[in-house]
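The data blocks that follow each hold one structure.
Below are two complexes that have subunit A in common, paired first with subunit B and then with subunit C.
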Partner chain A sequence: MKLAKTYSFIKKDLNQIETVLEDSIYTDHDVLRDASLQLLKAGGKRLRPVFVLLAAMFGDYNIHHVKKVASALELIHMASLVHDDVIDDSNIRRGKPTVKANWDNQIAMLTGDFIFAKALDQFTEIEEPRAHQILAKTMIELTLGEIEQIKDKYNLNQNLRTYLRRIRRKTALLISSSCQLGAIAAGTSRETEKSLFKYGYNMGMSYQIIDDILDFTGTEKELGKPAGGDLLQGNITLPVLYAMKNPSVKNELIEMFKYPETVDKEMLEPVIDKILNTDAVEEARILSDRYLQKAYESLHNLPDIKAKKSLEDIANYIGNRKI
Partner chain B sequence: MKLAKTYSFIKKDLNQIETVLEDSIYTDHDVLRDASLQLLKAGGKRLRPVFVLLAAMFGDYNIHHVKKVASALELIHMASLVHDDVIDDSNIRRGKPTVKANWDNQIAMLTGDFIFAKALDQFTEIEEPRAHQILAKTMIELTLGEIEQIKDKYNLNQNLRTYLRRIRRKTALLISSSCQLGAIAAGTSRETEKSLFKYGYNMGMSYQIIDDILDFTGTEKELGKPAGGDLLQGNITLPVLYAMKNPSVKNELIEMFKYPETVDKEMLEPVIDKILNTDAVEEARILSDRYLQKAYESLHNLPDIKAKKSLEDIANYIGNRKI
Partner chain C sequence: MKSTQLFNYYKKLIHKNIKNDYLSANLEKPVVEEYKLFALDTITSQHLQKDNYIVSTMVVQMALNTHDQIFKTFPKSDNQIMKKQQLTVLAGDFYSGIYYHLLAKAKDISFVRILAKGINELTQQKAYVYYRDFEHSETFLAEYEKIETALLNKVAAYFKMEQGIDYLDKWIMYKKLKLEWSKFQNSETTFFHQLLLQNVIRDNSMISLEDVLLTMLNQTKKSIKNYHGELPPQFDVLKQDFQQEMRKNNFLHINSVLEEGLSK
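Let's look at the complex of A and B:
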């Protein structure tokens, strides 16, 4: 099953959002335009707009209103990715060179700032003060997630709680906010809004855990970046945390990260094999499935409209995704 | 005359804003908190809050409403300063080490992102959609100003128009927006709002030109950073543009910037002396005064309240300021 098939009935509306995105990042400044366009054209699943639109269908759906919210959220996601690449010193994403690789960190920082500002500009047409509050809080949490990622780099003494808090901030909240803001823009009941928020939150948690698993189990071709990249950058994700319950894995990691700057792909390979030989990936899948289950359950009380089926299908897809 | 004296009657309200600023950047994360606090405690004139408050006095002044706008604008200013230091690779500002100097570029970037998000959070209590539009547009222009600064670094073929556009984006619009948003938050008439916007815009232009002059005429102690720093970083400001009307100065600069990375303070000194020996600084002062005059004129039609006198006094102060 292809992901896009699960929401083919909103394809036209998604195309409109694509146009909004292209228009909104247009600028006379060559470098800024090229950097932003590179980011836009690098693709991505446009999951946040999809969630905004589907959530809005539980209320008074108006694409002209809702597309502002959807594009704002995708722009915030894009901006956070460029800044993320600066933090992680990443030269490749989705199989293509990053902005910081093609230009430099300063241009990447400014491209992010520019796209953030453009996101706000899209969002100004939304009048509900509560929507603005949610957006601002989400952006604060995103930054806190980034800072935690820096702080916890190479830190092998972190626990499940730290990890979950970090992915909640870095990923889950932007997805739950997408659902919630779609609902608010369409004026659903508070109860519906809450259910959609919960769905998004749990989907986001599951999505990130699977992302972190794929970083170990995927091939470079599937990932669009080298496998094991997270660990190489010092990001300690769920499979690593679980694998470290085995003292020999933990000791090997401690040894390796004594001199983090010396760690390269070749050194990493045997460690990754060792991690894959534990139950870590399976355990991580179980936790991801638990969030997925909660995501399904959050939809229970919602009316049986087409959008609900799509949200279920997306959850199903995410649970089984390979890329 | 001390600047603060010109608006001593709003001192209590400014103290409230200081508290809002301190509270709003508080976070459990040590690095982020320390970096943000360092930035806050480094001082600064809090000019943008002053403009917001004074402008609001032409309408229905309510400090509880208006302080949200004032602190949001100061936070945006602070955030842009941290990102600016990354762009300019500056290690010192206002006599103190910058965030990027005390930590690194990544932390500086995130600190900026965090403070930006906190600014938005403050601003969410403002309901007028027009206010949000103005804020978003101002942030877009700020970023464009930054990118122009990078683009035009070491570019000796830029003209007055490019320079004025850059300082409009980098400085003037945030000040004019401060005045305008203060007016909007206090519900003044559109005409009053427009006059205050014009005042702010012209003040901002004048302010930046004087800043650029002081970079040549000030001492390291006065500036809180080495004199000639702009030129050292490749930023071609108004005095340089005027001085280059003298072909020998222009040639010397062209020669020097053939290898920008070799330029240091010692190499710069004779060039700065040469620039100071032209009419450049005087000419720049004349242009600054022209903007200042326009700022005064913008106030003509406004009622003679205390705030008007303060705005005039500030213009007067800025015109004569030495630091």
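Let's look at the complex of A and C:
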């Protein structure tokens, strides 16, 4: 099943959000406008708006109100991606050239700042201060997650806890906040809001773990970027952490990271093979499934509406991404 | 509160809010532009929540200034520079999050909107100025002034001080140019100097840079002296500050003439 099919009944509302996104990044300045549009047209699953809309359906759903939250969250996600590409020095995202590749780092920085400001400007139409406190905290955590990632680069002495904290900040919180903010915008009960937050958090954790697995098991064509890219950049993800239980893998990584600047794709290939020959991928998948299970459980107490079925289907889809 | 005390008080408050051990260990302390602090203190002087307004506005300004330090392309061969650049991107993003967090905590959503609109204008103006060649330094000066003053203009308008905005803009620009001039004299190269060299002078000549800086400084000084519009009473301190500087300059000028006379 295709992901979009799981929430086809909100397609019309998602189209409205797409229009809001396009309108909000409009500017007379042609380079900024083209760069922002390129980012917007690069597509993406629009998962955050989907979560906002579905969560809002557990309360008093009003698309004119909720779309402000949904589009603001997608804009924040977009702004963080364009800055991420500068940080990672990436020229390709989803198989297409990045803003920094088409223009330069400075334009990418300005585009990110511009989109970020548009997101906040839009989000201020939501009066509820608690919503702003949640979003502000999420944005800070998101950056702290990225800072931690740089701090822990090439550090083979990190543990599962460090990794989980990092992906919670980097990925899970923006998804859980999307669910929570959708619920707040629709005025659901605090209990429902909490359940949706938990669903988003567990989904986000599972999603990132699977992304980290795919970085080893996917092909360049499927990923839209070279396989093993995370490790090449010195990012120690869950499969690597598990694979390092095998001393020979750990020793090989220690040797390789003695001179990080010399590590290239060719050097990495045999190490990736070794990692794939351990149980690491399977163990990582088991942990991802546990988070997924928790995501399903978070939905148990919620009423059986269409949105609940969609949230379950999304979890199913995420869990079954080709590993 | 005297201005030194005032600067120290706010600098301490700002740095306390943006504290992050890893960033502090790897990046230079971000610069707090004192003249903007002074201007913000003037604009917000009658408000109880002024600390929050001043700190959040300065933090946004620092976030955007931090992002100006990013090179157009990264030097892949040097891991340390690369890491510094990556952290610089994140430091700017982190400060942006902090400004929003401060105002959200204070439930001041309308001020979030004001600053967001300011960032918007400022970013668009940067894209316009940074990627354009200027035939005349006057045109550059007029366009650059919009970058320098975008945020404070929004704040001034929010506090109903539209009447003094023209004066405020020139005062801020004068302070900025004075700072850039003194850095030039100390043989420091700044982002602003590079911008002038690339987009206005275009022959990388330091003599031309000196000329352009001095011309712009004198031009701005003249605009302030010739300003005859009405000003909000709060802006008296800005006027006094400027007059004091002019007196100080005259004094220094007379002294140097006297010394020259003595040496002969």
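As a working rule, the second predicted complex is superposed on the first by the 322 of 323 C-alpha atoms of A that agree within 3 Å, B and C clash if a C-alpha of one lies under 4 Å from a C-alpha of the other, contacts with A are read in each partner's own complex, and residues count from 1 in each chain.
What we mean here is this: contacts are C-beta pairs under 8 Å (C-beta built on N, C-alpha and C of every residue); 3 or more make two chains touch, one makes a residue touch a chain.
If you're wondering where the values come from, they're calculated on a predicted model, not measured in any experiment.
Chemist: Could you tell me whether subunit B and subunit C fit or clash when both sit on subunit A in the superposition?
Modeler: Clash: subunit B and subunit C overlap once superposed on subunit A.
Chemist: On the A-aligned overlay, A:Val86 touches which partner chain: subunit B = first, subunit C = second, or both, or neither?
Modeler: both
Chemist: Touch test for A:Ala136: subunit B only (first), subunit C only (second), both, or neither?
Modeler: The answer is both, since A:Ala136 touches subunit B and subunit C.
Chemist: When the two structures are overlaid on chain A, which partner does A:Leu110 contact: first (subunit B), second (subunit C), both, or neither?
Modeler: Both partners, subunit B and subunit C.
Chemist: Applying the document's definition of touch, where does A:Ser248 land relative to subunit B and subunit C: first, second, both, or neither?
Modeler: neither
Chemist: Based on the superposed arrangement, let me know which partner A:Glu261 touches: subunit B (first), subunit C (second), both, or neither?
Modeler: In the superposition, A:Glu261 contacts subunit C only.
Chemist: Could you tell me which stretches of subunit A are touched by subunit B in one complex and by subunit C in the other?
Modeler: 27, 29, 31-32, 83, 86-87, 105-107, 109-110, 112-114, 116-118, 120-121, 124, 127, 129, 132-133, 135-137, 139-140, 142-144, 146-147, 150-151
Chemist: Provide the residue numbers of subunit A that touch subunit C in the complex, in ascending order.
Modeler: Listed in rising order, the residues are 27-29, 31-32, 80, 83, 86-87, 89, 104-107, 109-110, 112-114, 116-118, 120-121, 124, 127, 129, 132-133, 135-137, 139-140, 142-144, 146-147, 150-151, 260-261.
Chemist: Going by the contact rule set out above, which residues of subunit B touch subunit A in the complex?
Modeler: 27, 29, 31-32, 83, 86-87, 105-107, 109-110, 112-114, 116-118, 120-121, 123-125, 127, 129, 132-133, 135-137, 139-140, 142-144, 146-148, 150-151
Chemist: Where on subunit C does subunit A make contact in their complex?
Modeler: On the subunit C side, the touching residues are 20, 22-23, 63-64, 67, 70-74, 76-77, 79, 82-83, 86-87, 89-90, 92-94, 96-98, 100-101, 103-105, 107, 109-110, 112-113, 116-117, 119-120, 123-124, 126-128, 130-131.
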